[in-house]
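Next up: the structures, one after another.
Each of the two complexes below includes subunit A, the first together with subunit B, the second together with subunit C.
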Partner chain A sequence: MRQKHHKSRTQAIVKQALTAAAIAGGTLFTGSVQAATDLSLWYHGAGNEVESNIINQIISDFNASQSDWTVSIQSFPQESYNDSVVAAALAGSLPDILDVDGPVMPNWAWAGYLQPLPISEEQIADFLPGTLGFWNDELYSVGLWDAAVALVTRQSILDEFGLRKPTLAEPWTADEFNDALAAIKESGKYEYPLDLGMAWTGEWYPYAFSPFLQSFGGDLIDRDTYRSAEGVLNGEAALAFGEWWQGLFKNDLAPGTSQDPADRDSGFLEGKYAMAWNGNWAAVPMLDTFDDVLFLPAPDFGKGPVIGAASWQFGISGDTEHADGAASFIEFAVNDKYLAAFSDGIGLIPSTPGAAALTTKYAEGGPMAVFYELSEQQGRVRPVTPGYVVQAKVFEKALADIANGADVADTLDSAVDEIEIDIKRNEGYGHD
Partner chain B sequence: MISHDNHGLRLAVRYAVLVLVAIIFVFPLLFMVMSSLKPDHQLLVDTGSLRAFLPVGDISFDNYAAAFQRAPISTFVINSVIVTGVTVMLSLAICSLSAFSFVFLRWSGRNLLLSILLATLIVPFETIAIPLLLLVSKLPWLGLDGLEQGWLNSYHVQILPFAADALTIFLFVQYFKDLPSELVEAARVEGASWFQIYLKIIMPLAGPVVATAAILRFLFMYNQYLWPLMVVQSDEYRPVMVGLQYFFQLDTPWGEVMAYLSLITIPVLGFYLMLQRAFIASIASTGVKG
Partner chain C sequence: MADSKLTRSNRTGWLMSLPGFTLVALFIIVPFFFAFGLSMTNQRLVSPNPTKYVGLENYRQMLDIALVTLQPERDASGTVIRDDEGTIQYPRLRRLSRSDPAFERYKGMREWFGWQSGESHKAVVVRDPLFWIALRNTLLFVLVVAPVQGGIALGLALLVNQKLRGINAFRTIYFMPVVVSIVVVSLLWRFIYDGNDGLLNNLLDTLSFGAIPGVDWLGNPSTALGAIMAMSIWQAVGFHMVIWLSGLQTISPTLYEAADIEGASKWQAFRYVTWPGLRNTAVLVIIVITMQAFALFAQIDVMTNGGPLDSTQSLVFQAVERGYGKQDISGGSVISVVLFVLVLAISLVQRWLTRDRQN
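Coming up: the complex of A and B.
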């Protein structure tokens, strides 16, 4: 009896052990099948709570929607984001997914920081052109929004000076624009007729001001070859642009490089400036302050009205072994619902008409719908070349120098030389 | 009587100059603190007048609350204090030991090595940043989680490359050279070991240079920006200067920037006040001795 009891007890222990092993084994087995692969995402929006909340929501929704991938985010301050990415690329520690500023994308693609983005063409068919990043005929990045610049003023100011309200179909000509500035200046009612935002340095200069150059017929680089700026940045059209640009400051039509950043932020709202060249991100306070604010298209200086296009976009790291997972996330993120959320949250232009219709500001008849049309009709991406990052800095310096009185022809010649030397040093940046 | 008047006048002029200099140094700090208490619009308007330095208008701590909301400030400050504190201590220990060796021990090639070391002062950090990044990204590290490859995203990657530097060694060497050599000789006669001499005789006399080196090293480390930007990708290890970038958005909240700067200035002021007597003594003695 005792032996029987002992035997049955032993059998029970063995049975329990086997069961436990089976459960453990099963768990391990199941676990290995279901374990999601981690994907890291780097984002430039640290410090922006609204933006962070939206991107975190997208990640949370994506992680809950499937069991193959788990995305985790690391946010960086925008000001230092590019430097962090370049350092990480050198150290071989890039993430799986990263966001990239549109004009910088070709440089990162050329350097191997990014790889082509394998998402279906159907999914991006109706995206604004500026939100798609192509390099060497391949899609590398896609943006959840675009940004646009407009000539901001008030209907009452146009009426006061008897100015025609320009439209997308019929923007102001160069003469109309210059006459308007002169008339406002002559009235003495404003500190300056036009605020260009000279206090904002960095990418603002090529983004906001190279479209003027393009409208004159010039450019930062010859876009047919991307190997030379000769005759493009210092040709007749560029010289005409340079003289016009310098005249704005020489004739006190716009505050120059010493503009107080505070005035850039609030000068138009306080009535110091009659017009401002500013972006859609600054539109909300203007709409809140004035009931007759107007967002007008860029003037046409001869070769059509132009504004800058392309903002931050998502791409796949060149180092990742999980391009399929990274692409799945990006495909998930470019849903109209999220594009609209970003637009409502931070005021940027949604990438698709479907998303625009879901927003309060960009839906048809909305107070900022004009920016969608501006982006669609006047937006032109900055030169699609890895050398753009250098060209942008050279252009910025040249514009500042000209604004401060430097000789236009000499300054533009020097800028061309600097750009060409950089292109040669980099063996043409991959352009044949 | 005339002499008394002259003395009074000289005193008045001296105080006027001192007050003027004090104002020049204090006003930026005053501007920072006062601006941190004002809403953005008022802050920008006040910059055009003396109101910028006064606690007037719509005063509140709202910017501080918003700054804490925008960025993990406590984490940044703690990270900076850890990285700076450990580096300063390591630097003082390593550099003072090196200097002791250069000054008091007799070994061949020490003058040549010191010259080479001092020559590195002319090499800016930016020129070695990338090779150093490539190096630390490959180095192994034995931590709590076992052996890891690469030092990125850690405290030690921010500390160890700066644990010793030529300037601090130079400061110690100069100071040690001015100490009477009889002290060391007497201790040797009494049978003290070199380490005992370093620890019990030399270092207790080195208060002023320790304070100077500590403050200089503290400021250098606390203000580090480029290196942590390159080697730290996680919030968890970010120091205060990289954290400052969280506040520069398209529409920069200047009040929050000032609040953040006021907050991160506190440790620096505290550290300086703690060591200021020794620091001034060191500068004064350096000046006298030429």
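Coming up: the complex of A and C.
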């Protein structure tokens, strides 16, 4: 990146020289020699051809639309993307434009990897709340899509067990949900009534399961102060959640941490599981396999139904000297046309109603339109704090341990201790 | 020492080893000193806060260990409360340490293990249970893997050291797992160990005509570490077989002929000719296996993530998990330094035990 800066400096000098020459030479060179400045963009989606085609299309459209900036992309596999950014930041060679996973954004903003995004408010006015990354009351990142999780099952399964079809207005209560699982278990027709996706380790745990905890009334951390988790992650509500969670595995209602990843991918399609807790990105094969598949809202465990919000978003690197160019690229990219293209290409939820209307799957009456509403009505972002990165890890381990039979109270107490020690060691992560 | 081979004029030798020494210094010795320095700070992976020197605080936190005696819960009349099965009821240590001033010192500490002693409960409490569990698992792993892997490797080496047609095919087969990436091997073994329809369960089911029920090898805390040990032994045994083999081939055939003439049995030939001839090889194999076993990481990362219930936590896995996963570089460094001291101490003891007693 030093080379790049060096190059742009050289270009600036050349530009000045040419401008001088142009002035000296009168009308000879007027305006036509403005050299474009290079902007680098890092993206997490290496290996996905459809995704690459869309992002490349946006870049070439942008480069053709104006002559000040030339954006060039470098793609990374998702698994090593965050490590690459951290390494680049330590080496002082961040690109100009970054894409960042929503819950990680505060961590990077706090560390100075990102700078606030100067983008006009009306341009993002009708964006889904989960697609806007705010930290310390400032917008740092904006997403071209969101993701949502639903309780996937089939109408025929609901009919078979005489279950009410839950709606957004009236989701299942905890009792209805538990009774449904028990009835399906009782019938013995399925290996497990519910597939939670325990095979997907990592961010899936806090993303998919902390909403259950929130629906019980607990959370990863006290969101008023972001300095303590005592009484929130180990309070009455959290203990009730923990007992319920452990029961799912103790009573063989869901496959545990040793679930085969292949079963996670195809178990519901093969009829091993009656229901699955899964995301919109997995919906297309389900729609292809069954003609009566249903995407149901999260159950309400007492404090309202909740699902996780926020997916990958674009932001401007803290190091860049060309924040204006980076911002103009992001403004260019958050166009309904491109939001719709991503949605059609890889099944993501478009960030605006306007874009949703342009898509085949999310337009009104489309097969996945329900995800848009889920995202809009039930979506809640994960704790907005730089410490989330650690809290997510602690929560993941606590959930895995409880699923494997660890004492609920002790495990949650330990999780609280670990989170609070981490906050203290980081001098409060910038929360006053 | 003045006449040591190292100091005799062999400039070419030093010159030739220079690239190797430089790389080792750059990528092993320098990072070690970094780790040592960072372990005395509060260095984070991602943070705008300035790094501070904290001395031995990180070590104190990680190594803090104490013995606590819990008195049983008594009712108003002073009799010990027992549950339906007659088990004595104790107050929860964590509740005590969070509320009782007498237990203030143990706040945030957790019971590692405990035992019954008369009418009270003795508990060993630690501030960082994951470190102690990882340490115990790693030591157990080394204690099992080092002798078993070394022994099987020697057995295989003796088998493939015979002059038979096609013996090279066997050598190749035994050596093959070493060439395959450990990550790939771990992924494959995850399928083999699968609890529902894994290869191992199918095999046991067929061989025992259904008498042995399926085991969730990696999902059960009592089998997970054993499963990883078995797979690790299988994966690297070929490498050590080759080292043993090279040792076997340095033993002069005339010694065996002499033993034969003297009327030695096969066992006697092994005991008095082969084994003494393998002395230096044995030292090498044991030290190499020990060091490799202490570095247990990829299998854990791919197969279990340290679970279930911490039964497969290892020191290196914890170092990486803390340093990168939890962005706590100083925490990862502390474990690395402790691991270094441990491996160094064990290697020195091994060297001393296997020293050449003639000189």
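Annotations
As a working rule, the second predicted complex is superposed on the first by the 399 of 432 C-alpha atoms of A that agree within 3 Å, B and C clash if a C-alpha of one lies under 4 Å from a C-alpha of the other, contacts with A are read in each partner's own complex, and residues count from 1 in each chain.
The rule is short, and it goes like this: a residue touches a chain if its C-beta (ideal position, glycine included) is under 8 Å from a C-beta of that chain, and two chains touch if they have at least 3 such contacts.
Model, not experiment: these values are computed from the prediction.
After superposition onto subunit A, the modelled positions of subunit B and subunit C overlap sterically.
Contact with subunit C, but none with subunit B, is seen for A:258 once the two complexes are overlaid on the shared chain.
When both complexes are overlaid on chain A, the residue A:388 reaches neither subunit B nor subunit C.
With both structures placed on the common chain, the touch criterion links A:207 to neither subunit B nor subunit C. After superposition on the shared chain, subunit A has more residues touched by C, the comparison being subunit B against subunit C. In the superposition on chain A, A:216 contacts neither subunit B nor subunit C.
Of the two partner chains placed around the shared chain by superposition, subunit B is the only one that A:49 touches, whereas subunit C remains out of contact. Look at A:372: by the touch rule set out above, it reaches neither subunit B nor subunit C.
Of the two partner chains, subunit B and subunit C are each touched by A:83.
In the superposition on chain A, A:108 contacts subunit C only, with no contact to subunit B.
Of the two partner chains, neither subunit B nor subunit C is touched by A:295. Here subunit C runs into subunit B after the superposition, and of 39-47, 57-65, 255-263 or 273-281 the stretch doing so is 273-281.
On subunit A, the surface touched by subunit B in one complex and the surface touched by subunit C in the other have residues 83, 90, 260 in common. Of all the residues in subunit A, the ones that touch subunit C in their complex are 83, 86, 89-90, 107-108, 110-113, 191, 201, 256-258, 260, 263, 386, 389-390, 393-394, 397, 400-401, 404-406, 409-410, 413-414, 417, 421-422, 425-427, 430. Partner subunit A is touched in their complex by these residues of subunit B: 41, 44-45, 47, 69-71, 130, 133-134, 136-137, 150, 152, 229-231, 233-235, 242-243, 245-252. The touching residues of subunit A, when paired with subunit B in their complex, are 42, 46-49, 74-80, 83-84, 87-88, 90-93, 260-262, 265-266, 281-282.
The touching residues of subunit C, when paired with subunit A in their complex, are 42, 44-49, 92, 94, 98, 108, 110, 129, 191, 194-196, 216, 218-219, 221, 305-310, 321, 324-328.
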